[in-house]
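Just so it is clear, A, B, C, D, E and F label the chains in written order, and each chain counts residues from 1 on its own.
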Amino acid sequence: MATLGLIEYQDASPEVRAVYDDIMATRKTDWINNFWKAIARDPATLRRTWQSVKEIMAPGALDPLTKEMIYVAVSATNQCPYCIASHTAAARKAGMTDSMFAELMAVVGMANETNRLSSGYQVQIDEHFKAES
Amino acid sequence: MATLGLIEYQDASPEVRAVYDDIMATRKTDWINNFWKAIARDPATLRRTWQSVKEIMAPGALDPLTKEMIYVAVSATNQCPYCIASHTAAARKAGMTDSMFAELMAVVGMANETNRLSSGYQVQIDEHFKAES
Amino acid sequence: MATLGLIEYQDASPEVRAVYDDIMATRKTDWINNFWKAIARDPATLRRTWQSVKEIMAPGALDPLTKEMIYVAVSATNQCPYCIASHTAAARKAGMTDSMFAELMAVVGMANETNRLSSGYQVQIDEHFKAES
Amino acid sequence: MATLGLIEYQDASPEVRAVYDDIMATRKTDWINNFWKAIARDPATLRRTWQSVKEIMAPGALDPLTKEMIYVAVSATNQCPYCIASHTAAARKAGMTDSMFAELMAVVGMANETNRLSSGYQVQIDEHFKAES
Amino acid sequence: MATLGLIEYQDASPEVRAVYDDIMATRKTDWINNFWKAIARDPATLRRTWQSVKEIMAPGALDPLTKEMIYVAVSATNQCPYCIASHTAAARKAGMTDSMFAELMAVVGMANETNRLSSGYQVQIDEHFKAES
Amino acid sequence: MATLGLIEYQDASPEVRAVYDDIMATRKTDWINNFWKAIARDPATLRRTWQSVKEIMAPGALDPLTKEMIYVAVSATNQCPYCIASHTAAARKAGMTDSMFAELMAVVGMANETNRLSSGYQVQIDEHFKAES
């Protein structure tokens, strides 16, 4: 089910359990998805990844729904089946409707198309768009 | 400056000019960026691409700013310098602040990281996340 | 100009020169492009890469022009500026017209779009399409 | 089977049915593959995507078989299992033999290899290859 | 099981069998994995790919374990399930421990993250880092 | 020079300066490269990214040179020019010779090639390679 196997809650060390508890409390859920159980074999990666995700996905200048949709956009672009499935579920839980999902996909598809037209036609960056120092 | 060169407004056919005019009117701007001038050598692609972009990026279930930020997310993931420059400019014009940009980048970076942890650890999709028929 | 520098013909070892000579003879040209000069610091890679390219790009069930256009399609998808520039030039030399290039780009763009719609919508493979054993 | 489910012909609205009918007529087939049924939940995306695909994949400066092989090249580069399966089937229907497929794959593999050698060795674009304006 | 099917040892031509024998002898194993059986339909690709892999993966300035871990890093970045599975197995056989795998994944994840922060923030290359000619 | 500009040491807040100081102390160098100056506009991202990089790239089950070479492998695969330049420099500083670089590139190129042969030929994962639960 995963390269190093999955660590279930009942088999977890106190260190891993503390992360699992924080994930469930933060997400207001009572289960842990496979991603975390798979990386839990490396507690340092589990802790660091969760701390980063928790910090980055918290409400800020962007709301959590927008952040989850951006996560789906990246995952679809990268062809990551696990990430598409898990973050589409998370985005829906955060309020994404079917119409929002459909528009998200339309933008992702279009961006992937024009990204290649830009590179393929060797278009140079307009002076207007150059990043300033 | 581009594989087939750029077509400037004054050199454009009426068909190409009509698209340029619609781009400027829709975007409330008085210039055309290189992307459109580069694909204008193929009027069918110019027309089709513009019609699709116009339709997809219009306000709907998602607002134009969210759509532009999704465009930037895809472009950064794909390493497309032209698209990052042009859509970052467009997102700013639509209201993206520096803080919103910074959070957008943080999510894009994190998603690209966990996309590879998921695939690399060979994590299988949880039953909860499976798409229903 | 390149991580390990470029090896010019006059500075090349007999082993490297032999590859350069074969490249120029095969391509009916009198110069060597930077790609080969850059990898020439590792003669084993130079030799192996050229032998593979020479064998793969030779006329066979597919003609050289089709092969060069496929090379451009991959390079545009991967956002490789050097490869887009060099293989677009090679495709033109092999007979690619502006119209052919424009259609090639249209297909590349469309494929990149529908690749993400397929993954993003989590579409499962139809029984009709499953590869047989 | 897909994020928003699949829409079968008998359950489709007249708008969706019209697109399905055009797909079957254009492709001279009597069934609709899952891709279209999955995006049909968003009739605007269904219509726009089909119109674009129909226009782009029609015979022009490039023949339909070449276009399908380019589609496979992009899909294999992007690691899109659905797209590889469906467009390999389409290419075969358009006349791709086993030998043509094998050469297509050889070029796709080689291009993906040299794309990384070019970027990894930081090779700069030769003056000869620079796109003119 | 594969686009052109798999060629088993007992059904293989002498040319294909010779490659299979060399694979098993070089890898000190008594079976052939599906990758080789799938490309064996094109004996030229089978031979060329095996010769390249054999040459590249042999001990040199880098040891075989390091090479296999680099292979896993690329495969995880590209989201190639087959390659992740087969090269993770190969890396373990070459001595990769669970701790080494976990650190490998941490680096791969981090690199994928900072690759997008670099491109997304449009960071220009420092003079110190420029490749010399 | 970067989307939000670069923050130089003399203009940095104490929070940013503390990170810069730690980067220079950890890397035994007296300058800060553009990547950090560009993300410093978002001190949370600067701090989190540096803490993760510092933790991940420290000696462990894998030595720092191997980690830097893996970073280069990912960056070349993703076509990230900044990352290729900066991590090639870092790998050299950590002891990578020209021969090691050349072998690294050969593996990266080969992996990118066989990743596409695997996906393109639709090769299924051998039972031997399946990740256990």
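Some notes on this structure:
Convention: a contact is a pair of C-beta atoms (placed from the backbone, for glycine too) under 8 Å apart; a residue touches a chain by one contact, two chains touch by 3 or more.
Small disclaimer: the values here were computed from a predicted structure and weren't measured.
Traced through touching neighbours, the fewest hops from chain B to chain D number 1. Listing every chain that touches chain D and chain E alike gives A, B, C, F. Annotation, chain A versus chain F: rotation angle of 180 degrees from the Cα superposition, expressed as a multiple of 5. Set against the Cα centre of chain A, the chain with the most distant centre is C. Chain centres were defined as the mean of their Cα atoms; on that basis the chain farthest from chain B turns out to be E.
Taking shared numbers over all numbers used, the chain C to chain F interface scores under half, which places it in the different class.
Set against one another, D-F and A-D show the most C-beta pairs in contact at D-F.
With centres taken as mean Cα positions, chain B sits 20 Å from chain A. Chain geometry summary: the mean Cα position of chain B and that of chain C are 27 Å apart. Chain B and chain E have centres, each the mean of its CA atoms, that are 33 Å apart. In chain D, the residues touching two or more other chains are 1-4, 39, 44-45, 49, 52, 56, 77-81, 85, 88, 99, 102-106, 108-110, 112-115, 117, 119-122, 131.
By the touch criterion given at the top, residues 1-3, 5-6, 44, 48, 52, 55-56, 131-133 of chain B touch chain D in their complex. Residue ranges of chain A in contact with chain B, taken from their complex: 1-4, 31, 33-35, 38-39, 45, 49, 52-53, 56-57, 60-62, 66-67, 69-71, 73-75, 77-78, 80-83, 85-89, 97, 99-100, 102-104, 106-108, 110-115, 117-126, 128-131.
Interface residues of chain A, counted against chain E in their complex, comprise 3-4, 39, 41-42, 44-45, 49, 78-80, 131. Across the interface of their complex, chain A is touched by residues 72, 76-77, 79, 81, 84-85, 88, 104-105, 108-110, 112-117, 119-122 of chain C.
On chain F, the positions that touch chain C within their shared complex are 79, 88, 98-99, 101-103, 105-106, 109, 122.
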